[in-house]
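Each of the next two complexes has chain A plus one more chain, namely chain B in the first and chain C in the second.
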Partner chain A sequence: MIVPIIFLIICIAGSFFTGLPFSFLFDEMVIRLARNLILVTSLILPVITGLGLNFAITLGAMAGQIALIIITNYSIGGTTGFFLSILISTPFAILFGYLVGRVLNKAKGKEMITSMVLGFFANGIYQFVFLLLCGTLIPVKNESLLLSNGVGIINTIDLANIKYALDRLIPVTKYPIATLLVSLLVFLFLHFFLKTKLGQDMRAVGHDMEIARVSGINVDKTRIISVIISTVLAAWGQIIFLQNIGTINTYGSHEQVGLFAVASLLVGGATVERASWKEALIGTFLFHLLFVISPLAGQNLLGNAQIGEYFRVFVAYGVIGLSLVLHAWEKNKARTRLREIKE
Partner chain B sequence: MKDFINRIGLPRFIIIIFLIFLMALAIYLNIPLSDVITDILVRFGMNAILVLAMVPGIQAGIGMNFNLPLGIICGLIGALISIEFKLSGFTGLFVSILIALPLAAIGGYLYGKMLNSVKGQEMTVGNYVGYSIVSFMCIFWLLAPFKSPELIWAYGGNGLRVTVSLESSTSHVLNNFLAFKIGKVTVPTGLLLFFAIFAFLVWIYSQSNKGLSMIVAGSNAKFALSNGIDVDKQRIKGTVFSTVLAAIGIIVYSQSFGFLQLYNAPLYSAMPAAAAILIGGASLKRATIVHVLIGTILFQSLLVVALPVINVIAEGTMSEVIRVIVSNGIILYALTREGGSAA
Partner chain C sequence: MDLLQIKDISKSYEENRVLKNVSLSIKEGEIHGLVGENGAGKSTLMNILFGMPVIHSTGGYEGEMLIDGKPYKPTTPEDAMAAGIGMVHQEFMLIPGFTITENIKLNREKTLPTFLSKIFGNRLEKLDTEAMAKDAREALKKLDMDIDEYVPVAGLPVGHMQFIEIAREIDKSKLRLLILDEPTAVLTESEADKFLEVIKKLSQMGIAILFISHRLDEIKQITDSITVLRDGEVVANVKTDEIDVKEIARLMVGRKVELSKKEDEDRGIKDENILEIKDLRVNMPGEEVKGLSLTVKKGEILGIGGLAGQGKLGIANGIMGLYETSGSIVKDGKELHLNNPREALKSSIAFLSEDRRGVGLLLDDSIEFNIAFSSLEIQDNFLKQVGPLKLIDKKKVREHANRMIEELDIRCTGPKQRARALSGGNQQKVCIARALSLNPDLLLVSEPTRGIDIGAKKLVLDTLVKLNRERGVTVIITSSELGELRQVSDRIAIIYDGKVAGILPPDASDEEFGLLMAGEDLKKVVN
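The block that comes next holds the complex of A and B.
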């Protein structure tokens, strides 16, 4: 629990220097929690199944964006458009998740670096499809989506049709009640899912693949299912994220998804082997609080807002780096101790 | 035929076929081959030392050194200090290297120490430690007390420029040294010679007693231990060499490129180097100078030939997309192969 406490102290000290009113911070945090929670939650299952941090949720985010581009192409907006995009993204996400799972099964013991490179690789394919094939091989009906020469999708797509489709579904207060409810549902789903036979199998596989195999669990299949669920959640998470933001950066929105979600989960006190909804909630809150206050704190403390910007990127990478080091270090120590006992 | 493909490996086979196809297309499109060959020679010399930096790491058993940015930053600091003192030409180049060497050696030593406590997760950890260092250095570049007008923004603004021109200092000193022309092809003799010196040093070292014990430690730690080789020390040695070569590599790269790239530029610098050596036929466990030569030539030729060809037939950004797909695809292939349990 030491990591979240340190972050809490940094955040409290930082918010003291920003001089932002509490009500502003509160509103901002509610919005940010609503739009990021599902993306962070999508990481939990692979951690439990022993795959470590699934940086390949980038592919899920791509599936979400593909769906959003499709509904924009047919100019379907509003609540219908939102639910349709969720529906369209799901088969894509299942397919991507299956492929990611297959690849990760071939790279046991180095899943994290593989999932990361897989994210970069998929990004290349994604750019290839949307820059070259759209408008040539893949017909695009809505011409405002295409670049001026008729080939490739434009860099920024306006999602005005679908903006706040979920956030304002229950227009009771100014807060995105429906989105928070959906996040709660996802938490509940995970909670009960982990109690089913499949969920218990995932825990067993995460604990020790060999023992799981001996006790009759199909390890590879369980791992693939875990990645598929993670990818589908990431696709939905990305759609929910983008309906709040209101625009897609076609070639950039998905790139940082893995990084920020992983950093959020780790800030909450999760490790490479242990994560739950609590860490997701605490981590998302603390990480995004830091995100809001660090540029202002940098401005007020050091007279340069850019320092704060770089600082928060440093924190994102640093917290991932540090927890990977600590995790590998502890595992290494345990292994050495085991060897000493054996000898 | 199948035997042949198996021997050179499927991805390498695809890349060679693709390259031949692009070459044929270039000739068909009347793209001047002399320009293409000149470019290949220059880009080979520019990148080869960075690729060479992968060799000691793989030999010492730490896998691909994804923490290349550490060495690169040491090189950049060396180059910046030499500009600050208004050094130019060969003096500037050698002073840059002289300043960078101890920094890289110390950095590599500390990083090697750390890697010894995270055995089995070197690549994942290295990658994120590299990212953390790069983002931390972004803050350093903002605050660093450099005074030379070449380095800082001309009008207001904080810190160092994002790209520093080397026009008045070391730009092209190696490229132009003893350069001569065969027909329309310019041969950057100095650049190639400089690489040859370092390639020769690495080769000589790997033939020597000390080098052999490093390779043994990397390929079979238990066997090395029973022969009285201090595996941890050998791994640190490999890491130090790799970091030092990366520092020299970026100085050579920058003088040919004509600019120093600061801030986020070193972030993804390890990926192309890793891809190049893997294309050359190296694995996560074995790498030689031949792999560096073949890999760098193939990878850089692909990029150089792709650019004009694709500019004629499609969008300009496509060559970047091809780079992303090829480089990450080959790393993915290496990661998912059997054997090489270290990540």
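The block that comes next holds the complex of A and C.
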């Protein structure tokens, strides 16, 4: 509980120095919540299943980008384009999730670091495919997508075709109503899901793999399904994120997804072992509030916006590092804790 | 036809051959006792029968098993469950963070179809929490358990946990054979009696029971036939009527077992208090202490007895600060900080908890490390100074471990063996060794001989007495076995309703003890 409170205090103090009008902050926060919530939510199931923070949602983000590049290649836009990209991303995400799940099952107890490394590894393959294979082995129809020499996808892809496709699907206010509704649906789904048999199995596996196994639960399969759902949600989340932003940074957009989502969740007070939609919501809100105000606060306080920028990167990594250290420390303490030595 | 036949089963863990051509068979509704010393191979045989992963990850087994005359080859617990076999393991198989209902219905949850389950299969059916709670209540009722089914298992008294495990098994509708691996080891005598009633009821319903216990009277009382294992071999396979307890014990151990009697001696305990407890209140669920006062003399062995649930277990847990405590505890004239376990350990108090099945040992570390660990951690023992550094004195640790292994007869391949590879009873002996290694001047032991075979029981009690006589350690021993208390104690305090009902000398009559335990006011309270 202490982490979100600290962040709240920093945010309140910071917003005092920015001098931004409340209405601006409010609008900005609604937009940011809408575009980030699903990405952060995608982390919850692996935590519940005992896999810790799934940094490998990066692969889900890649699946989303693959789908977006495909529809851009065929110049399909608008609502159709958006839903088509959701549809296309899903099988990719399922495949990636399956592979990640398989690997994580081989690395029990070291899931977090493994998922992080998997993210880097997948990034290598991703670059290989889009830089070298596209335009050579993989035909690309839309030539504006290719670099000038005809090999490799360009650095920045304009998504004008599907920009705001979801955000403005229900055009009642200036707010992204449809996106918020979808986020709500995802929350409701998660809530429902945790009350199903499969959800219960995931909780059991998360609490104690050994007991779950002896009770006849297929532990490995349950873990894989958890990772698959996480990856699919991440793919959809990334598409929703990018339709709001309007451009893809082909080789960069996915890189920070895992990092920022994890940091958001942790800021909300989640731990490596416990997370729910509440932490996702609170965390996303606080983390992005900090994002909005820190450059301005830096500017006003120290006369340098760059300092604020440093500060938020520092915070993202700091929060993750700190909570991982705390986790390791807790684990180590468990060895010496009195429950263990009292005998 | 026999429900289950086991034929010529053999099993090795690496070089160690722990089962040699074991055969036995069980009829429907039969209660079959399985006895043997710690490490004789009982749990291993049951693990084979239940398809436990540990068997298959260590190279499987030889021999064959038949159910209803048909070959039965379980490779997972699921196979066993499908064949109608249930098992209560020696170590707890409950998820602490789950509620009682969730544990009882683990992987057998009641569900209702949903829209999604029609598309994605029945794992997406919704949990029917009400029906689950109802089932749980019914199963608990069969065991006469009056407890809310929605509380989490964490923090419940050990005895309750055992009943919950059993409730889980009897909730299985197809159950034909129930394996009970030392189910009564963690129960008090009265709980155990209740438990045995339930077992009889189950067998009358046609469920066969395979029953492992170190309490031989229990075995004698409840089983129809008995198999005795010694060093992994069947040494006897008899009808229960044809054998008496002494003979069973002899067969188990392979020599005659003498149960030691207390000799008369002048103890000359000085009138100096090591511990003064005033108005102690301990909030331990199921074992609350409610304003208890007690003084302990330096150098004595004080027994603490009483029925289950009256609070006797709460006392030691409170002194150690493991449950919320209030009141005043003075040790050696100094006030002890309450609710602070580390402080208690630093004040040279060591504790052997009643709750030590599975928990407490670092299972993947060696025996010697486990024995020396707490002492090293808390008291900086077993260290040697090398220049500016303090290093672990490996030689000292090794010597100490070897001595403990010998004194307590820990059956192992050596001090470097991993704790996980020990049988349940031998793991407990390691726990005992660890408490002894803390060099305490006050040792609190709770239920020290639970789950330990009769031969080793004597060793454990003898060790406590020796520690007391030779090193002057004051011992507070809490036990639900009155016989055990009378064997070693100088005085015995009986706890009733969270307070001391009275203190008796060990040679007081059964009647006096009985009255105190029932909470009757006894005029002739001694001392």
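One rule holds for everything that comes next: the second predicted complex is superposed on the first by the 338 of 343 C-alpha atoms of A that agree within 3 Å, B and C clash if a C-alpha of one lies under 4 Å from a C-alpha of the other, contacts with A are read in each partner's own complex, and residues count from 1 in each chain.
Keep this in mind: a contact is a pair of C-beta atoms (placed from the backbone, for glycine too) under 8 Å apart; a residue touches a chain by one contact, two chains touch by 3 or more.
On a predicted model such as this, the values are computed, not experimentally measured, just so you know.
Student: Taking the superposition as given, does A:Leu184 touch the first partner, chain B, the second, chain C, both, or neither?
Tutor: The answer is neither, since A:Leu184 touches no partner chain.
Student: According to the stated criteria, A:Ile12 is in contact with first (chain B), second (chain C), both, or neither; which is it?
Tutor: neither
Student: Check the residue A:Val214 against both partner chains and state whether it touches chain B (first), chain C (second), both, or neither.
Tutor: Touch status of A:Val214: second partner only.
Student: In the superposed model, does chain B or chain C contact more residues of chain A?
Tutor: Between chain B and chain C, B touches the greater number of residues in chain A.
Student: With both complexes superposed on chain A, which partner does A:Ile138 reach: first (chain B), second (chain C), both or neither?
Tutor: A:Ile138 sits against neither chain B nor chain C.
Student: A:Leu198 in the overlay: touching chain B, chain C, both, or neither? Say first, second, both or neither.
Tutor: A:Leu198: touches chain C, not chain B.
Student: Quick check on my understanding: which residues of chain A belong to both its chain B contact set and its chain C contact set?
Tutor: none
Student: Under the stated contact criterion, what part of chain B meets chain A in this complex?
Tutor: Touching chain A from chain B are residues 66, 114, 117-121, 123-125, 127-129, 131-132, 134-136, 138-139, 142-143, 158, 271, 314-315, 317-318, 321-322, 324-325, 328-329, 331-332, 335-336, 341-343.
Student: Would you pull the chain A residues touching chain C in the complex into a rising list?
Tutor: Going by the criterion above, the answer is residues 192-193, 195-198, 200-201, 203-204, 207-208, 211-217, 335-336, 338-343.
Student: Which residues of chain A touch chain B once you look at their complex with the stated criterion?
Tutor: 103, 106-107, 109-110, 112-114, 116-118, 120-121, 123-125, 127-128, 131-132, 151-152, 304, 306-307, 310-311, 313-314, 316-318, 320-322, 324-325, 327-329, 331-333
Student: Give the list of chain C residues in touch with chain A in this complex.
Tutor: Within the complex, chain C touches chain A at residues 52-53, 76-78, 81, 89, 93-98, 102, 106-107, 109, 111, 114, 116-117, 122-127, 320, 322, 341-342, 345, 351-353, 356, 359-360, 362, 373-374, 377-378, 431, 434-435.
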